[in-house]
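To keep things simple, chains are lettered A, B, C, D, E, F and G as they appear, and every chain counts its residues starting from 1.
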Amino acid sequence: MRTLIFRTAAPYLTSLMLLFSVFVLLRGHNEPGGGFIGGLIAASAFAILGIAHGVHAVRRSMYFHPMAISGFGLLLAALAGMLSYVFRVPFLTGLWTSVSFLGVKVDFSTVMFFDIGVYLVVVGAITSVALSLEEREDG
Amino acid sequence: MTGEVADMAGAMITTPATAADWLVIAPVIIPLIFGALLLMFRHEMRWHGIAALVGLAALMGAEVALFARVLEHGPVSMTMGSWLPPFGISFTVDLLGATFALTSGSIAFVCAVFTLRDIGVTGRRYGFYPFMMLMMAGVSGAFLTGDIFNLYVWFEVFVISSFGLLILGSEKAQIDGASKYAILNLVATTLFLIATAYLYGIFGTLNMADIVRKADGVRGGAPLMTLATLYLLAFGMKAAAFPVNFWLPASYHTPRIVVAALFGGLLTKIGIYALLRTLVMLFPVERAALADLIGWVAVATMILGVLGALAQSDTRRIFGFLVTSGVGVMLAGLSLGTETGISGAIFYAIHSMLIMTALYLLAGMMKERGGSFSLHELSGLYRNSPFLAAIALVLAAAVAGLPPASGLWPKVMLVKAAMDASAWWLAGAILLSGFLTTITLGRVFLLAFWRDHAGGHETRGTALPLLGYAALVALTVPIVVLGLFPEPVIRIANMAAAGLLHSSGYVGAVFAAGGGS
Amino acid sequence: MSGESFLSFCVTIALGLLCLSFLLTVLRVLRGPTLPDRILALDMLVAIAIGFIAVLGIRTGFSFHVDIAIALGLVGFLATVAFARFVMSRGVTEKQVPAKPRKAGSKTSRRRKR
Amino acid sequence: MLAPILTRLLKHNAAWVLSLAPLWIFSHFAGMLGDVAGGVPVRGGLEWIPSLGVRFSWYLDGLSLTFALLIAGIGTLIVLFSGGYLKGNEHQGRFFSFILMFMGAMQGLVVSDSFLMLFVFWELTSLTSFLLIGFDHRREPARRAAVQALIVTGLGGISLLAGLILIWIATGQTELSGLLAAGDALRGSPFYLAAFVLVLGGAFTKSAQFPFHFWLPNAMEAPTPVSAYLHSATMVKAGVYLLMRLNPVMGDTLAWETVLPLFGGATLLVGTLLAIRQTDLKLMLAYTTVASLGMLVMLTGFGSDRAIEAAVLYLIAHSMFKGALFMVAGLIDHETGTRNIGALSGLRHAMPATFVAGLLAALSMGGLPLFFGFLAKEEIYAALAVGGAWASIAALVAIAGNALMFAIAFAVGLKPFVGPTVKVPRRTHEGAMLLLTGPLVLAIGGLAAGIFSAVAHRLFSSPMASAIAGQSLTVDVSTVPHLELPLLLSGITVALGVAAYFGQARLRGAVASLLEAIGWGPDRGFDQVMRGLVRFSAGVTRIVQNGRLDVYMTVTFIAVALSILMPMVVFDELPTISGLPDPWFYEVTVMIIGVIGLGAVVYAKDRLTAIVSLGIQGFAVALLFMLMGAPDLSFTQFMVETLSVVILALVMTRLRLSVSDHRPIGRKLLDTTIAGACGAALGLLLLKVTQFPFDETLTKFFEKNSLVIAHGRNVVNVIIVDFRGLDTLGEISVVMIAGLSILALIRIRSRNERRPARRKENA
Amino acid sequence: MIVLLLDYVAGILIVIGAIFTLVASIGLLRLPDLYTRMHAASKAGTLGSCVMLIALAVQSQDLAISTRALAGVIFFLMTVPISSHLLAKAAHASGCRMWPKSVRDDIGSSVQSIVKTTQS
Amino acid sequence: MEMVLSILVGLFFAVGIYLMLSKHVIRILLGIAIFGNAVNLLIFTAGRIERTAPPIIPHGLETIVGPVANPLPQALILTAIVISFSFFAFLLVLAYRAYQEIGTDDTDGMRVAEPKGEPLPPLGY
Amino acid sequence: MTLYLSVILLALAWAAITGSFTLPNILFGVLIGGVTLYLVRAHIGSLRSFVRAGKALSLVILFFKELILSAWRVAILVVSPKMDLKPGIFAYPLTVDRDFEITLLANLITLTPGTLSVDVSDDKRTLFVHAIDCSDPDATRRDIAEGFERKIMEAFR
């Protein structure tokens, strides 16, 4: 939309919302949230950017095609489950490990990558929907 | 972090999962991963066909191995996430699931061969192969899962993928057909979900083996009759049983022919599979009480289906109605509920998967050689394409239940089972529907192949569509082989039916892993 | 009155007031008369819900309510933006403007957007 | 299968090579004659489908063997004849393969021991005959005849299958050889009558018994070799074979002895009358075939020793003379270009050999002494002239029929050859060697069999009759006339026949006017039924599949309401209403908001109001989840509801839609009733379910292990990504595919709308 | 003691917030046109929610929750004016009429002219 | 409480189905959305209602203590919501495309795949 | 400059919502903030300005004061039995000319007594403001110019 106020504010709001979406994603295991909601928030963020600056702006900022991101998300989630194969446990078994980083113990788990996969699928798919709807026949 | 509190052995499976165990989930993972990759490399269109073939070949390989394993060891099970059943989601594969999965995988492979020439740039760019892959993931998941809510999820996966396949091309009729298909299918799957919600409310569990164990305990107090009827409706709708079969004839003639072939082969059969799984395995007592209702539904479905076929001019619509009619035949087996009846239904389902796919591919080839789908316009194919005519004849015989093709034996089994149960009307309807099918297809052969109208379509070019023929032959050969040597399949169907009726093997496979609770 | 019981008293009062606000706002959604009025009322509903959630958060002591409130603010914003965009290209009601000029108008607004 | 290749190599001369196959079969079976005639059936078999009790088993007694020999023998001649007849036809190879396939099927049929195997071959003969009758597929009458044959015999096929399975159920036998010993069990079974009717359905359609006789003359659309083979010697006799085969187990009952003679006699009369009516040689023969089949059925029905003997003799004789006559007719057609009896005369000069064959065959068909036909006729009369009203009527029918057949025999075998030479469409000369072999061999065979009837009887007819009767029969036959009642009847027949031969024209006129008076026959009925069937189907389909989504939805939801309410009522699964609810005031408020939202969606005057109201109810549901301890749900519901509304709005931006949702009042009432019933049903069932004690095992497990094993405090999320992660994997697949489908939906435009400026996506 | 005090403060704040919210919804009902209603919603409504969130921040003894609640407040203050602006602009541009008793409309002329030119 | 929710669920279903019986695709879609909500509430209620607390393990504890809402139906509903949202979006766009192609959202007018008054197939042979 | 500031603000926002002001967490916030800003970088207008923290703070305080006041006034107006309204839209000539400042001003105006930014003219010279009491637009213009607009210029120039 051609309004200066919105166009100026939109990118900041977008990055703020993306930040929030990452927060929601990462804390999902202990509090409400998780990949799906995070993904929806991120998609909303891109939708805001799209409404303000047009479809091309979003495409440029996402770099990859949203559906490719979505595909990657599914792949990631599936591979997170497949890692169990190496450890000779059934599909999608949660595997955990901790890494110390700057004195902080950070937990890595297949479950987390699974959730990130969910996030990416949702971001990609919903953004793709929003973009294709925004896009005009003649645009 | 809190190891001393955790009761690992009481919560998780501790025995290691071997590669052979992974076979039960492989038919889902393989197409899923291939689908994701194909989507990521959506623009590398030259490789799509090959990649899809490789993926489906791998899928088929896994299913063959799985089938062999089930045949050898009886039902096998794996519970995801290492959780003890019924807490995690179990994939439990008995002979029924393995057989259906294998057949569907093979059909998908054949269809993929057909697509190599049929799917153009636009179709590839907008995800034909990812749709197909994900549909196969959904279909395999539906056949293999041992958890009823998970079954719902796989249903949705293949349904949404089928939407995608259905609309690729965006023709007017496609969009219209897809609208009806999508809305009615959504209602159907939602009914499934509703029924599952009630089921959960009653049993407190979703694992089908667990439900089997608990069913006798709750019978009497819980509204199981109503629940069973609701499942009958939901899956009946998926299977396209009268009076909720509208979506099928409204849509199957609209997409690309190979998509219709895939649908004709797979979709209704999943409904049948789910009906067998729920009504026979989970609610046998309720199924028996509903047997007459199912029987009448079966009769109406098969007769109205074939009458619908008689009334059509478009070959694809004819075949669509014939799919419905076949569903009625399988429902007859469900209504009977005896081992022979169910075994007949299973055999018929296998036959139906092959034959319906083949019929649509045939319609595609007829269009290619004869320039139209309409009986008003088709002509002279017998002269132009004698080989196609030969295949058409075999396929027609197969649908009508005539020798030397595969349709005869399941029909014999079902008629025998119906007569054994003194269900004369059911036997009569099965035979009558076969007869009406003969008329329908006899007319098709007459009009499209034998007739030579003046000014009929002249086949352009002489290049034979080799891939198309290859796909057709790949389906026709097993149809004939099943017609000539049905014994192995009958035996498998019998074993599958027995496994369904006496589900202790199934339950045992699930809870063997760790005793369960 | 202890702090806790005072708080719970206030919570009850606040919830009551908020419920009343909900109902009044819903009334505006129903009454319209124009689309922007309804959108505004919907936006207001979101604002009330945020307050409602905050009060519930105080009542239950769970922290997650804040996140939901924030997310609600976000999506409420998104909804209003989308509706505004819709109003921009379609007009305030469906009936008010005849179809043809509206089409032209909406096209223009599309172009203007870029 | 090799036939087309061979034919491509050898042209029509391939017939010589191909005929070796049936000849070999013939000699193979002939080798068994000794054993079988001695009363020792040849049996054998392989396991085929043990699960269904189907063995690939054969059983050759006198009956099967005679049939097998006829099939192979006449088959050999037919192959030769076709070699000449279809000389130059581009599809001759295809023809050969069809006819050999047919022959195989027919052989299989008669030698099968297992029921289902018999049925398989039975149906194969139908299928192959479909191909043969429609061989000349560019002509509509040929196509019609083919499909007619397919349909009529197909109807019989299903009837037969039902009958056979019923016999299987009644006796527990799956093989004829076993069944032969179980006749009493079958006759005593309550299924007997049903099985009898069903089997008859199969036999009568196949053997063209009145009123199913019409397909056979139409099948004359096929090339003459086919007519000669299928409709004289083989396929049509399959029905007779079946009846004869089952005579020991199903015969000897009132039903059998009433129905068979009745229909057989009727067929005999109708067949001969219609035959007289014709002027086309082939059609005349075809109708006499119908008549002869009637005769056979009638005789089989009588079931007395003599009747069976007569049937056997007549069957063998008929196969030979009818085959010969058909080929003669074909020869005439082939050489002169016409088959119209009126247009043919004086061919004896041009076609002497044909004349000989025709005359010999006619003599046999006319039943004159020394010929095998005579033998048969004598036996017929001997069998029927036993006194009693029933037999007397049958005898009269037989006399009338035979007399007319006599007339037709000579009309075909004599009339075209005598008299003055007339001009015919083609220049006439004698047929080629390939063409002549068949008729001559058969015609002479008829004479030879008559002359050496003792041998023929010992080898063929006696064992065959024994097999039919189910016990050893010793009836002596001889072609030397004895002065008894049968001879007298024969004499009457001949006299009448001669009269009919000369009074043909008048008779033809009489029958024609009779038929015109009736104005309808099963043949026209067939067309009416077919059209009616299609129209009826279209009518039914228009009702059950009428293309309207609202009707589909209405039916679906009626089904929903019924499938919940009916079992709840019938099986007494209704909930009890008890216990006072205790909602908090803000819960009530939220629910009220939800309900208001619902109402607003329904009553909204325009879609946009409806969409906004939709937002309200979704919003209320989300709040409700929040209040009920489901923050994750609430969170997701808020997001999803909003996004739904946003997408709705985005889409609405691009639609220009009419405004109102006007439904007529009746429709409104109906919809309200259905929706209300569904709502009530689903609500009641939910209440019932929640009144059942709940098993919390799973829930407790998740709560217990969520943190300590799965490392997550939010149990819901742990379920989503760990305990039930596979659901989520499926779910995101759905999301991904939905995104892709929407992309495809929007991007792909149908051809007619595709714009040149369709732009490439950037990615 | 502090905790007790905070409870009181929080209690008072939520009631104030709820009152503001209620007032905003009354305004939404009573005010005559869209633009005036927007004043009620975007000010009283926002303030009400923010006050209640602040109450939550005050009452919670968890720093994380408090900071998050305050972050939420700031976030609303960032988004509400933008959405109000967009809605007002869109409504005005698409011809949503002002209350007849409105005293002036400075953009009236210019916007109307834009609409007119695009329509012709 | 289950009783109140059962009634509410029944109402949601009734309204959703009423809308789905409409001839206008957009109304059908609204009906589907409501139908979906009804199903979610149904699943929720079927797992029994416990209004006290969400199933989140508080800090300092290792398992849930005391009554909390049943987490399993919530997880199921989450999956169902996501799926029904995907379907809803698809159907919406489909309806939009149908409108573009066919020019109406009235299902009476959507008769391309199964046209009105289709001719009979050839009656001859 | 603004970019760095934005990253820092985002990192702070991260710390605030996670509720942890430890260094690793703030660094992580910087990382995420950086990435998210990088994604939208093309649309952030170049603004070479610096911030006077004190002035900015006084702007914030002014804003909250105005917000509470405006809410109060609206509340009184709404609940008074007889509403005396003279609404209208007036044009406000802008002094600030940078996008960021215009946006900030417009938003602040929206949140202040009885005023609502409806639009900015295409030449960025005029802000159209809806006032619930438009009886004396000049007074309102003066308030804005001497209040928010001046403080914005002080804080960001």
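Some points to look at:
Heads up, the rule we're going with is that a residue touches a chain if its C-beta (ideal position, glycine included) is under 8 Å from a C-beta of that chain, and two chains touch if they have at least 3 such contacts.
Note that the coordinates shown come from a computational prediction; the quantities given were computed from them, not determined experimentally.
Shared contact partners of subunit C and subunit G are A, E.
Centroid distances built from C-alpha atoms place D farthest away from subunit F. Between D-F and E-G, more contacting C-beta pairs join the chains of D-F. Taking the mean Cα position of each chain as its centre, D sits at the greatest distance from subunit A. Subunit E and subunit F have CA centres that are 33 Å apart. Put simply, the C-alpha centre of subunit C and that of subunit E have 10 angstrom between them.
Averaging C-alpha coordinates per chain places the centre of subunit A 30 Å away from that of subunit G.
If you average the Cα atoms of subunit A and of subunit C, the two centres end up 26 Å apart. Of all residues in subunit E, those touching 2 or more other chains are 24, 26, 38, 46, 62, 64-65, 68, 71, 75, 78-80, 82, 85-86, 89-90, 93, listed in ascending order. In subunit B, the positions touching at least two other chains are 2, 5, 32, 35-36, 39, 80-81, 88, 127, 130, 149, 153, 156, 160, 163, 167, 170, 172, 175, 179-180, 183, 187, 194, 198, 201, 249-250, 310-312, 443, 446, 451.
Chain contacts: subunit A has residues 1, 3, 5-6, 9, 13, 16, 20, 27, 30-33, 36-37, 41, 44, 47, 65, 67-68, 70-71, 74, 78, 81, 91-92, 94, 125, 129, 133 touching two or more partner chains. Subunit C contributes residues 2-4, 6-7, 9-11, 13-15, 17-18, 20-22, 24-25, 27-28, 34, 36-37, 39-41, 43-44, 47-48, 50-51, 54-55, 57-58, 63, 65-67, 69-70, 73-74, 76-77, 80-81, 83-85, 87-88, 90-92, 96-97, 101, 104-105, 108-109 to its touches with subunit E in the complex. Against subunit D, in their complex, subunit A makes its touches with residues 28-37, 40-41, 43-44, 47, 56, 59, 64-68, 70-71, 73-74, 77-78, 81, 91-92, 94, 96, 107, 109, 111, 114-115, 117-118, 121-122, 124-126, 128-130, 132-135, 138.
Interface of subunit C with subunit F (complex): residues 60, 62, 64.
Of all residues in subunit A, those touching subunit E in their complex are 1, 3, 5-6, 9, 13, 16.
Residues 13, 15-20, 67-68, 70-71, 74-75, 77-79, 83, 85-91, 106-108, 110-111, 114, 116-119, 121, 128, 130, 132, 134-135, 137 of subunit G are the ones that touch subunit E when the two sit in their complex.
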